[in-house]
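Dropping the structures in below, format is structure tokens.
Here chain A shows up in two complexes: once beside chain B, once beside chain C.
Coming up: the complex of A and B.
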């Protein structure tokens, strides 16, 4: 059973990634969807509102089964095509995106999905992946080669603490959610790289 | 004039009584006159007394047992004997330990054997001039026959009456129960001795109990009624209060203003909280509805949209792709897979080659999803609206609650400062009238019950008075014989004029004692030893009164000397000897050191004085052993004195 939200997210993020960096890998799509979900949390929504869950792979990257199924579906019906190592949205995919974008159920997510996608203007997907690798929960999971849910209560509590700090640091609180995400990614990169350098 | 022929114990044989561990068998005959069992402290003198009583009656008087009636008393003490002898008879001796008594009653001699664990049975019974074969009867039947014969020959109506007389009149034992100072026992005793019949005596006891119960109930009800009346008075006082003066009226007005403000704020809080509850309910309903719509949307999307586009989900295609088999012709092999895969990739149907609807969602499905989405959006608006309303109401509620708390605190402080004015100023409401009415009803009910109990007591009292009157009349007949006998005996002891008079009280008829023309009702008016011997004198007078010329009632006196000084010991001895010389067998125990008492009895007894040494039956303590020779010397001297007197 394909989740309509995961399908829409695949189309929207697939579209943004195709436009910005001319193609994407599966893991990059998962990464941006995860970032979108984090922004929804930052925006005060409960995790359950995102409608699908994320776990961490042993390599420390976020993964959603629903999103993966939706991506398969998109490829199967031709909304997304497979060009060698990179995936791209097709014109049919763009048409369908236009149709589903009108649905209120999806409009609630646009701000978060676009906020995450906007970061692609500042960071390449690989840099975003690097930054998240320094995120404490993901880093821990990677170190211990575990598979775990990424929105368990203790992790969510800590994320809220982090978001609270980000809000205090940012004087401007507009509707552009790429700003806090960029700030956080920057922070993760600085801390992570410093820590690695010192080691 | 009533004569009662009490049994006279002639011989005692005690076997295997563990307490007296120096002798397996203790046996002695009791000669006329006085028999004394002499021993030191703690050797078991009182126990021997109870053994004789147990042999006679099958019961042992329980110390402190309250007396209500003859029948109740027998019932209450009848189970005590087993407890009493536990520890005094070792378990290994239980089957062989027994008391054998030979007693005479009238022209009969009864020989009985009773075990200490069988109070309701006799191991053996022999009655002279009685042809019945008691040895063929059950132990319980022997006991029943013994009781019947004994009761009949004494001249009483029931064996229980004999137990009562034996316990309270003929025995002065370690309980130190005194007749003079127990009106109930003394009255029953007089009823029995003057010859009031058994039924009337039982009636008297019953009526006395009924009166006591009814009177006790009346007292409780009266107390209860007083309590209720006090409460009612207090309530009325509070309600009536005093009129408020000008300043107080103004204070009360201020209180009322504050009270109104509290009510007003409280009302506001109630309204807000009702709205809040409604809004939360609407939110819950809206959220639940949104959840249902969202689920419908998800289901519709998954089932209609994704299913439609899944050409490869068709069973025939699945067969080709997974099992490499054609569903139409049955051909197998990888060659079947390639054309199917190619057709799917080109978005054509592998079967009919028609283009698959790859990018366009079926219009009807899309329409349905749009409807659901619209519905969800509307529902979401309502939910958002409810959330907003709740947020606003929460803020409003906080403000109102704080405002109420402020006014309430103000009111509490004001009430605390002006409590008296506030209490008195409060108007009487209908509820108070109901409370007053309830109190009045309760008081009336209690009073009704009190009058009922009072009347019950009066009825019992009226019937009881009849019996009292009869007792008074009978006493007039006996006092000429009985009172002088008591005076003589008591005078021998105290050396002063004594008198006794019948005194009728509400719930008893008793004997009042006059010493030197002054009434001495209370126990503390006489010394302990004086009380003991005056009570013994009374028993002697009663025993003497009921005895016939030929058969004199016996008396059993357990260590009566108490703390008598030497002078009184001698006089007490004279009193006992006087009684014994009249033909009454006296069985007593005494401490060896009370030589003056025993010397006087030995000296004065014309019918004989038998002395038995209890310290020969049981091991003495180390201290007592040191004085054994001295004991022996003293008792030998007494023996010699008695012997010379008997000669």
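Coming up: the complex of A and C.
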């Protein structure tokens, strides 16, 4: 059975990606959903509240089976369609998104999903992917070509530490989560590229 | 699994915070500043689908904060509402554009600068000579180039088709060697008669940077500078991780290269070099097919052509005829794999002008 949360996330992120950068690949949808889940953690929610989990592929990209199934479902019912090399939300998908946005269970997710999607205004999908590749947990998994859960206890503890430090340094405590995420992505890119150049 | 605990580097994070336009907009103008900046950035992203920018583009996009009644009057006669894909198309040369609070955009006729040039209650984005800046109130932020080789980090044109992207690279960056990395491949970037020694890595880097900007693959593998592993002869490999789509790009160059001190020619390649590249690519595609039978792989041969007619070690200048002799002379491929194989795209020759 398709996860209702994963279905909603596919529509919302699919809509934002279609509007901002003409469409999306499967891996871009997984990446932004993972970023949204991180923002819910940043916002103080337990990771179980996200309702579906992520693992990392050996290539270091976040992947969720629930999200992948939801995307297949969206394609099957015509909410999302293949458009050349990219996927795009359809007008039926937009209509369904409008309906699902009104559901109480999805109201809280909007801030996290939009926070992640707004980073597309500053960074391209490929740059966001690169930034996350420098995130220590994903970098470790990629280095060892492993498949691993991305929200295991040690990883979540370390993320809480990182987010606590960002919160202390960020001169903004408002509700727009694109601000901390964009700062963190810029930080990861700077650190990661500097490290690569020095090797 | 053991992941090293690493604390945030506070100096780097402070710099990241100081460089972030959204955070600056929040600091200076509060929530309204963030909303207006997002409208402006959204406009740039959407226009990237319809138009392109280059090193000559001079663009100002401004979002006034608060009420500016003087603009309302002037707008009626001096500005035109922008319709996506209609008002601005193709290469954008000079423009001043206003983003209104309702998100609509207006093109100010005959203007290059914001009509609010000397006022600080606005967010102003500018692109001049590939340098991008945000002026947020009185503060000015220069945008870091996360995408080297791209004139703009925001006005990006994404291609669906790799061949189209390669041709655009040839036209917009390679032809006049406007990409900084490509310029380093020449022995003298201002007298482009021949390459310096070993230009291959710079050609690969220049092209791969461009493809990262404008294509939507998930992984970009670029052959390292020192070719330590002969089992990976291909120059660039593009992969879509969650599908079977892949592209292999073999790069060759033809023309002459000269030693660093300019004392002697180190290479002189003609059409046979391009034919060798075609053969290598065909062999690699065959091997790849054997190893990954399920992959949907296309091969592309890209030939950088810096040939000049009658150029000698003593040449100090070139006539127009010498410069252009090879400009339109296509390479004959024998065998022509692209006619007989469905996985081999028609080779692309990029002529680099002197």
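Everything that follows uses one rule, which is that the second predicted complex is superposed on the first by the 199 of 199 C-alpha atoms of A that agree within 3 Å, B and C clash if a C-alpha of one lies under 4 Å from a C-alpha of the other, contacts with A are read in each partner's own complex, and residues count from 1 in each chain.
By definition in this document, contacts are C-beta pairs under 8 Å (C-beta built on N, C-alpha and C of every residue); 3 or more make two chains touch, one makes a residue touch a chain.
Predicted model only: the values in this text are computed from it and were never measured.
Taken together in the superposed arrangement on chain A, chain B and chain C fit without clashing. Of the two partner chains placed by superposition, only chain B is touched by A:4; chain C is not.
Of the two partner chains placed around the shared chain by superposition, chain B is the only one that A:77 touches, whereas chain C remains out of contact.
When the shared chain is aligned, no partner comes close enough to touch A:55: not chain B, not chain C.
With chain A as the corner point and C-alpha centres for all three chains, the angle toward chain B and chain C works out to 140 degrees, nearest 10. Shared-chain residue A:152: touches chain C; no touch with chain B. By the touch criterion stated above, A:88 is placed in contact with neither chain B nor chain C.
Of the two partner chains placed around the shared chain by superposition, chain B is the only one that A:99 touches, whereas chain C remains out of contact.
Touched residues of chain A, counted separately for chain B and chain C, are more numerous for C. For the overlaid pair of complexes, the smallest distance between C-alpha atoms of chain B and those of chain C rounds to 19 Å.
Residues of chain C that touch chain A in their complex: 1-10, 12-17, 19-23, 26-27, 31, 34, 38, 41-42, 45-46, 49, 144, 146-147, 154, 156, 158, 160-161, 212-213, 216, 218-219, 240-243, 245. Every residue of chain A that touches chain C in the complex is listed here, in rising order: 19-22, 25-28, 30, 57, 59, 61, 63, 68, 84-86, 118, 120-127, 129, 136-137, 140-141, 146, 148, 152, 154-155, 158, 161-162, 165-166, 169-172, 174, 176, 178-179, 182-184, 186-187, 189-191.
For chain B in complex with chain A, the touching residues are 294, 297-298, 301-303, 305-306, 309-310, 312, 347, 358-359, 361, 366, 369-370, 373-374, 376-377, 380.
The touching residues of chain A, counted against chain B in their complex, run 1-4, 7, 73, 76-79, 92, 95-96, 99, 102-105.
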